[in-house]
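Next up: the structures, one after another.
Shared chain: subunit A. Partners: subunit B in the first complex, subunit C in the second.
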Partner chain A sequence: MRLELTHQNITPNTDWTQTQQPLEHSQRMADRYSKNKKVGEGTYAVVYLGTQLSTNRSIAIKEIKTENFKDGLDMSAIREMKYLQELKHENIIELVDVFSDDSNNLNLVLEFLPSDLQHIIKDNTLTFKLPDVKSWTLMMLRGLHHCHRNGILHRDLKPDNLLISPNGNLKLADFGLARSLGTPDENLTSNVVTRWYRAPELLFGSRHYTEVVDLWAVGVIFAELLLRTPYLPGKDDADQVVVTFQALGTPTEDIWPGVSSLPHYNNIEKFPPPSRGELRNRFLAAPESALDLMCGLLIMDPNKRWDTTKSLMHHYFSERPPPTSPELLPGTKNP
Partner chain B sequence: MTADEPTIPKPPKRITNDDLYRRSTQYRFWSFTTTELQDLRTASNRKGIQKVKDKISALDQTLPEAQVLNPENFPMVSQEEELSLVTFFARKCVDLANYFRLPAQVKATAVSYLYKFFLHHSVMEFQPQYIMYTCLFLAAKTENHFIGIRKFVENIPKTTPEQVLQNEYLLLETMKFSLAVHHPYQPLYGFYLDVQVLLPKLGKSQTWGYVYDNARQLVHESLFTDLKFCYTPPQIALACLWLSKENTKDENDHKGELILKRYLAKKFGVKKKKGPPNAASSGTGAMETISRRRM
Partner chain C sequence: MILMMIKLIFDYSSDSFQIHHKAKTHIILPTMSELDWSNIPKDLCPVCKTDKYLSPEIQFKINPECYHKMCDSCVDRLFSLGPSECPYPNCSKILRKNRFKTQVFADIEVEKECDVRKRVLNVYNKTEKDLDSLDLYNQYLEEIEEIVYNLTNKIDVEATNERLEEYSIINKQSIQLNNSRKDQEYETHIKIKKLKRQLKIDKKRLVEELKEAQDKLKKEKEQATIDQLQNAASQNANDIIKKVEESGPNLEEEFEKKISELEKNYEIQKEAIIKGDDLLVKKEKDIPAIPFTPFNGDRMLKLPYKLDVDTYRDPFYLKMVKDVQYTASGYKIEMFFERSLNDAFTGLDCSIQEEKMPAF
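Showing the complex of A and B:
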């Protein structure tokens, strides 16, 4: 289980006293799980490893600290609960149960996922073969496809949020920033997605982005899997703009109509887009089809960027070699 | 299957939007038949009555009040009265949301939370006014239009943060921690656009614009009915379009019905005369319910 939790500024509450009665029903629910070991603590939750007593299944319990929030239940917890309740998929973390305990804390019972893609990328003892990268990318896109067809944007895809199950399945996790696809008249905040994985429309401060912000992140993670090092590691927000366009070229009105009217599109240094040869040199081991997919995911103009359907249908996934079966992937403990 | 038969690979199963809807918590937890709804409300009403009776019996019998209040013939709130009270506060909820300039999605979600809460509890147990505040406060959070608790209570006379927050937990639990609600507004807008595609001349006319606007009003009214528990959002949207008029004051205006018949005929290739085609017939129940509500 990951130890990191979303950090949010909170003001400790002083005046709100709990007046609720404990609920009988909830207490029975609390008896169904044991909290064995505290594995992490963040501002809005404490994470325990535990067991579902009826099945002896390992689970993770995220205990949301309700009483510390002056505005009631924290937004990240609300989002996580709201969206995970609607999403059941092989490649998305399973919300097993929700219950409240004796002290009226909200507990999210999640499936126990011992590893994540970040650990696997950083583990120098592991060697990645091309079918392994194909397998992880495929699982990532499948999970994301299920989010998008349900009208849900993840908005924080990065290797640390892609958890790995004991049998090697990759699962999208941490829905604390997720939201429903906006309607055309709604303003969305562009301050989403961890910096290195932030799509150009977000870098330019767009308020009307769509689900393809997640596909940009998939493209950057795909590149990271091929390179075994972060692809666009900006040191700060300004540097992120430079790093991104140095690698992929600065978008102009010609390739992305309307880009120059986005809020932060000004005094942008103009870098030329990389030639196919330059990309091939950077991603030496990658086959042509992998480069095609990566370029499709990293198209600057969000209206032209590939969606999950187009990406999943790409021949990179159907051509040989086939993706590695999850249980045979590097980092999966096999007998 | 015998061994001789060649094994034909099964075609991959296509997941339809209907399949996705059936996996939503709205379908799994919050879709009922009218009888089921009735039963839930009867049970909550009984629970409320029992609670009042228990309270009366627990009174010190030496007090003069205790002698006046005989639990046996004390008038209790009926199931129908409970529903009227909830609807009254649902309308108040929309007024309050308007004051905070919250969009339709937040209003509709808050109203839906309120009705869900009182499917499982009685107004004799919980003051609907306070539950309504909690519903709106929570809906603003779940629909991404957060209002701080200080600002929220400052704008509601005689309310404290504790009053609003103390029920948040119970509300979540009553709703089985399912917070996502699908409303008819989006499918309605979808039909509005699709008519413009399939019937370009009519779709771009002012008539269609008025019919859409008036249908949106009907969708708004549908929030205060049980339709959300019995039909899917597109069914309700379709029903509202069917009943909508260009001119709401004209008794004989059937513009919505006329346009929708043409649209559905074109969309599903069904003859106009046969009445609502299959795709729409599931919405006819919703239409009838809306019609009855308006009479």
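Showing the complex of A and C:
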């Protein structure tokens, strides 16, 4: 259910209200978790592996560096907290807790997820079968469906941000670029989503895009899972436009009314859209239904592109072979 | 001989020293015409004169057309633009890049024979079972050997090739059948090999486990002996030691049982593979117990609010979203309204319509 939408306390069992001295409280919070090992460092955060002492559960602690930010907290940390605390779903990373430690650093306690889809795609020792790809795509869409029905755009879907739990469940992570659906008077930045997974309306600099930008990314990741190599690997922003339209055809006013009025639509080389036969040749192993779904997700015009509901209802998921159950997927250690 | 080698090494190293001391003589590489083509050094590409010393990654390729060796980069350089003539003098064979391959055998004659044999056996692919008698089968093998011998030694090449061609046309169907059967046999063989390897790994693991358990048990027993000896000083020490020794689980027996179970399992699986049943077994497993639901049962079809865009008019926003910047980006005002209603209602989990209903 969607009751999580209330701005409830993210740790219902901690008694925020009863604590009078905030410092003492924060120290107590920090004592609930142990930081065991540093596993990664980014520009704005250090990630530690830890345990929740009360349950002995493995967790990841993202410590946000505050010293570098004179103007307050980093935007992505705020975004991550703001949206993750609202979303609780099997296919979305769980934000367990938030606390500030002795040195006044902000700590996000997240579910520990040991692997990601990028690793699995890159690992040459693993073979993907069609039901495996189906299972991953299904979990991706279910997680995204939960985001979208709560009016949240992820805006940075890529294999690196799709983490895999020890029992094989795929979870959307890294909500550092997420935001809620814009009101009509808001201008959204078009400089979102990692380049290879950027939807055409973003390439054209649209400022009023919608949640279907995420579905384009799902389509490209789906293609990547089938090919096991990035589908639209542009070298730079200009090259991304060329690569995208070379593969899928340049949109025109006929198939996408109004496209030529978008800010960056000028002097674009015209490529013909690929025929069904060409796509079949590119994705040799894929069944027709998989190609249907992929084409639906990669429709140029955002008005016509499929949303999560339509994608999930597609017969690709219900037809045989059924999706592999998560614990049997390649890359998960089978018992 | 050894003296010569030492001299050679000496010459070579002094050459390289001379580079630093402003060499008086230049090292002149042999050109195409000077090279002894009948006796090419092992690690030298006769086309570009690169050797293993200068480029350690050098790899030699040959083409079954004429079996002249040359290095990888020469193949790339000469044949990238399409078929071209072999660069060896007096060899006017036209070579194609995709036919080049790495030499497997040091002796080029062996390599040649293997290639020919492979080609012939691809066509002459009957097995003993396919022929009525052993004599006929021997005759068949004799025929194969004759063709291979003729082709490798260039005796009646044209006639032999014709013979091969003729046979392949006549027996087209059986050749295909035999080849696919061969593929299948190979697959079975690989599967069994994999199974065997797994069995070996499992066995090894069991042995390790046994050893570990034995060590542990031994230590425990030692400790137990000491403890009991301490506690019961009056009893005979030897009796206690004997008693402790005899207690505890029989690890060897358990181990034997596990091993025999593994072997039994292996035999069953092996038989299934030979019969081709393994695929069938797998297919039956595929049918899931729980029927598939796209949303995993988590879908809200009945919304706590009703959106009527036609009656709700927001002149400010409606005008705004008519702009092409909005329509071309897929922006729909309904989604914004829906989102606002969603924000308002889902958190409260109540429906005004339902609340308003008269109580009975």
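Criterion: the second predicted complex is superposed on the first by the 313 of 335 C-alpha atoms of A that agree within 3 Å, B and C clash if a C-alpha of one lies under 4 Å from a C-alpha of the other, contacts with A are read in each partner's own complex, and residues count from 1 in each chain.
Throughout what follows, contacts are C-beta pairs under 8 Å (C-beta built on N, C-alpha and C of every residue); 3 or more make two chains touch, one makes a residue touch a chain.
Being a predicted model, the structure only gives us computed values, none of them experimental.
Under the clash rule set out above, the superposition-derived model of subunit A with subunit B and subunit C contains a clash between the two partners. Contact with subunit C, but none with subunit B, is seen for A:259 once the two complexes are overlaid on the shared chain. Counting the residues of subunit A that each partner touches, subunit B and subunit C differ, and the larger count belongs to C. In the superposed model, A:71 makes contact with subunit B only, not with subunit C.
By the touch criterion defined above, A:129 reaches neither subunit B nor subunit C. Legend: residue contacts after superposition of the two complexes on their common chain; A:301 is shown touching subunit C, with no touch to subunit B. When both complexes are overlaid on chain A, the residue A:183 reaches subunit B and subunit C alike.
Once the two complexes are overlaid on the shared chain, A:313 sits against subunit C while remaining clear of subunit B. After overlaying the two complexes on the shared chain, residue contacts for A:228 are found with neither subunit B nor subunit C.
When the two structures are aligned on the shared chain, A:38 is found in touch with neither subunit B nor subunit C.
Of the two partner chains placed by the overlay, subunit B and subunit C both lie in contact with A:150. Steric collision with subunit B, judged by C-alpha atoms after aligning on chain A, is confined to one stretch of subunit C among 57-65, 93-101, 129-137 or 309-317, namely 309-317. For the contact definition in use here, the residues of subunit A common to its subunit B contact set and its subunit C contact set are 149-150, 180, 183. Against subunit B, the residues of subunit A that register as touching in their complex are 15-20, 23, 25-26, 66, 70-73, 75, 78, 81-83, 85-86, 88, 98, 100, 104, 106, 149-150, 179-180, 183, 186. By the touch criterion given at the top, residues 15, 20, 23-25, 103, 105, 137-138, 141-142, 144, 146, 148-149, 161-162, 164-170, 172-173, 177-180, 186, 189 of subunit B touch subunit A in their complex.
On the side of subunit C, the complex with subunit A involves touching residues 286-288, 292, 294-296, 298, 300, 317, 320-321, 324-333, 335-336, 339, 342-343, 346-347, 349.
Partner subunit C is touched in their complex by these residues of subunit A: 1-3, 5-7, 89-90, 138, 142, 145-146, 149-151, 180-181, 183-185, 201, 206-210, 212, 256-259, 261-262, 301-303, 305, 312-313, 317-318, 320-323, 325.
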